[in-house]
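Same chain, two partners: subunit A is paired with subunit B first, then with subunit C.
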Partner chain A sequence: MTYFEFLNTYGPQLLDGAVTTALQTLLAAALAIGIAVVMGLMRLSHNRFVYGAATVYIEVFRGTSLLVQIYWIFFVLPLFGLTLEKFTAGYIAVGMNLGAYGAELVRGGILSVPRGQWEAATALSMSPAIRMRRIIFPQALLKMLPPWGNLLIELLKGTALVALISVTDLMFVARKINGTTYLSAQAFGSALIIYYVMSRSVITPFMRWLERVMTRKLGRA
Partner chain B sequence: MKEPVQKEYPRQLEGEKVPMVRFRDVTKRYGDLVVLDSLDLDVDEGEMVTIIGPSGSGKTTVLRMLMALEKINSGIIYVDGQPMTHMPKNGALTWADEKYLRRQRTNIGMCFQHFNLFPHMTALENCIEAPIQVLVLNKKAAVERAEGLLDMVGMLEKAGEHPSRLSGGQQQRVAIARALAMRPKVLLFDEVTSALDPEVIGEVTQVIRKLVNKHNLTMLMVTHQMGFAREISDRVCFFYDGKIEEQGPPEEIFGAPQSERTQQFLGAVLEAT
Partner chain C sequence: MFDWRWAFVADILPRLLKATGNTVLAALLGYGIAAILGLVFALAQRTAIASVNRTVREVVEFIRSTPLVLQIFFVFYVGPQFGITLSPWAAGMIAIGLHYASYLSEVYRAGIEGVPKGQWEAALSLSLSPVRTYSRIIIPQAIPTAFAGMGNYFVGIFKDTPMLSVIGVAELMHTANAIGSEHYRFLEPYTLVGGIFLAISLPTAALLRRLEARIRRKMGLRPR
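Then we have the complex of A and B:
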């Protein structure tokens, strides 16, 4: 069987899998960004309880394996009465995990905004909320974008693990094809290429574009 | 800052002329280092007071305490007759909380050595942001006010530019307009010309001169420009070791300083220029 014949036969399945992977990535990324912003801000709180809660979250999700977290959310939470569909469990686990990494990027980005900006906002009587939303965060965002590009690629690759709870993503499909045909090189080779294309020609250009847009918007072009 | 046993401070007396700014027994320490040592300082309404002194003498700290960017360790500061560092609570004065401070800060505007304009906003947006967000002015009124002020500082033509496109002198003029847009009663200048190239210092001092001549604004200025201080000030305070070593009209301080330390300082500074 030539690779062309292989693609003819299994291409549509692989494509379906890729679509699922893309969806997992999108949903997980949205969740990760939300969690990162909330946890990152909580890490800057002077309230010990708020700070502590965020620290525990970040430590737990960064310090343990993503695969174990996926299993926990899919297999263990039902024992506590919370049953999630495998697709949902997949992106939630990935999003929560990468969100913990993102929280540190948010915190670092915010702290990297020069002190003078905080003081100028304070001197103009801005409340902490207005100061963060209007002055600090927009500037922090620009500094955060490059590391976020990295993180989103990590996230895309991390979604491959949801195949292990039978979400029919790209990795799942590749494994299935391998299992029935033993065409390992073609099956996993195709998966490899598709993952690479997704990160290299979707995520990276998108982040570059976002950086350019933000830079222009922030007037530093 | 803990809630210490607070000494009784006299409220402003009826009929007494209320200074615009009043420091009473203000002490600020960083660890063991005393930056302000029981400072007493009154500034009258409309007065231009310049603070000079060697670095580390606490002059910038005076402005930062007044703006409440940092908390004082003891003493009290009044602005326009109202306590700034403290707030009335159950008939006594306790340390001001954030909300009270925020309200009191609207009385004071501050210009910084490094301008600290918001880089993601145009000159105009810099000037309307706080009036809209804090004073809840509608956008039209805020723009009108900002344009008037940008015109006054000679920056109306550059209203649509981001700070990165402006020279230091231009940025500082926008920063002055931004501070004025809040209609403060007191304006603070913290070494506003120190970070500027020599050839643009004049455009900033020109704006300050204009403010002194045309507006009844109370101003405190920390500067290293002795010539400008001499020309513009109603009073000059020479700071040394967290205290006012000597103060008086500029002609006296620069012409016939009494204190040996003042003489030494001025001698060294004038020799350097």
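Then we have the complex of A and C:
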């Protein structure tokens, strides 16, 4: 079977898998961003309990493996009465894991905003909430964007592990094709190429574009 | 229903701890391969031959942008298709070694590029050979910059070893899966695996941070 015939036969299945991977990535990214912002801000709190809660969350999710977390959320949470469908369990685990990494980026980004900006906002008698939303966070966001680009690629790669709880993503489809045809190089090779295209031709250009837009909006172009 | 059984924990803990040995071994072996191969990748990107630079650059980008678990499958299953059969351990170590070598090559590169230009010129004017320039002047100065990244990826490899379970390496995750399906109980094995990972990765990360501070102090650099 030539590679062209292989693609003709199995291409649609691989594309279906890629769509699931893209969905998992989008949902997990949304969750990760939400968690990162909340936990990142909590890490900056002066309240010991708020700070402590965020620290425990971050250390637990960064200190254990994503695969362990996926299995735990899928197989153990039902014992606590919380049964998640495999698709849901997948993106929740990936999102919670990468959110912990993102929280440190948010914290670092906010801390990198010059002190004068905080003082100026206070001098204009802005409330802490408005100061964060209008002055500090937009500037922090611009500084965070490059590392977030890397993090989103890590997230896309992380979604490959949801195949192990039988979510029919790209990785799962590649394994299935390999199992029925033994055309390993074609099956896994095609999947590798699709992942590569998704990272380098979708995520990276998107982040570059976002950076350009943000730079312009902050008047720093 | 949720019920934690300590008797079951006592029963399975020795087996899990034994598997932890394999996990740590896999992490150390994988890191050893990655550390050496990463240096090769980093130096290959600094040679004067443009085609070598470009090729290595593309390979590193490709490996970094694709999932490790898929690479593990690829190495394990594609070999036999061409008559090369690899054991799960060998395939796993090749995949993890290659994956992290591409990450480490970036860390090394950043470290090497962080060494001031004057150091290169000084080495050149003392007519040191390229090997001596790297080994005596550049790499020792690149280490403080690179150390933090190298440490992070060491912990990273350790946390990625559960992926080896998919091709049947008998590490922690694989053992926990086996225990789970033998006894139809997943609560204790998976929770213990999480606990063991935390118990190793948190102190290791703390230790690496202290080591970094010490190296920086010894090199006369200010703490970060």
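In the analysis below, the second predicted complex is superposed on the first by the 221 of 221 C-alpha atoms of A that agree within 3 Å, B and C clash if a C-alpha of one lies under 4 Å from a C-alpha of the other, contacts with A are read in each partner's own complex, and residues count from 1 in each chain.
Please note the rule applied: contacts are C-beta pairs under 8 Å (C-beta built on N, C-alpha and C of every residue); 3 or more make two chains touch, one makes a residue touch a chain.
Just so it is clear, the model here is predicted, and its values are computed rather than measured.
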First, second, both or neither for A:126, with subunit B first and subunit C second: first
Which of subunit B and subunit C A:47 touches, first, second, both or neither: neither
When both partners are placed on the shared chain, which of subunit B and subunit C touches more of subunit A: C
Subunit B versus subunit C as contact partner of A:217, first or second or both or neither: first
Touched partner set for A:139, first subunit B, second subunit C, both or neither: first
Set of subunit A residues, in rising order, touched by both subunit B and subunit C: none
Parts of subunit A lying in touch with subunit C, wherever the complex brings them together: 59-60, 63-69, 71-72, 75-76, 79-81, 153, 156-158, 160-161, 163-164, 171, 174-175, 178, 182-185, 188-189, 191-192, 195-196, 199-200
Footprint of subunit A on subunit C - complex, ascending: 1-2, 61-62, 64-71, 73-74, 77-78, 80-82, 159-163, 165-166, 173, 176, 180, 186-187, 190-191, 193-194, 197-198, 201-202, 205
Touch list for subunit B against partner subunit A, complex: 67, 69, 98, 102-103, 105-106, 108-110, 112, 114, 116-122, 129-130, 133-134, 162-165, 178-179, 182
Footprint of subunit B on subunit A - complex, ascending: 114, 116-117, 119-128, 130, 134-135, 138-139, 142, 217-220
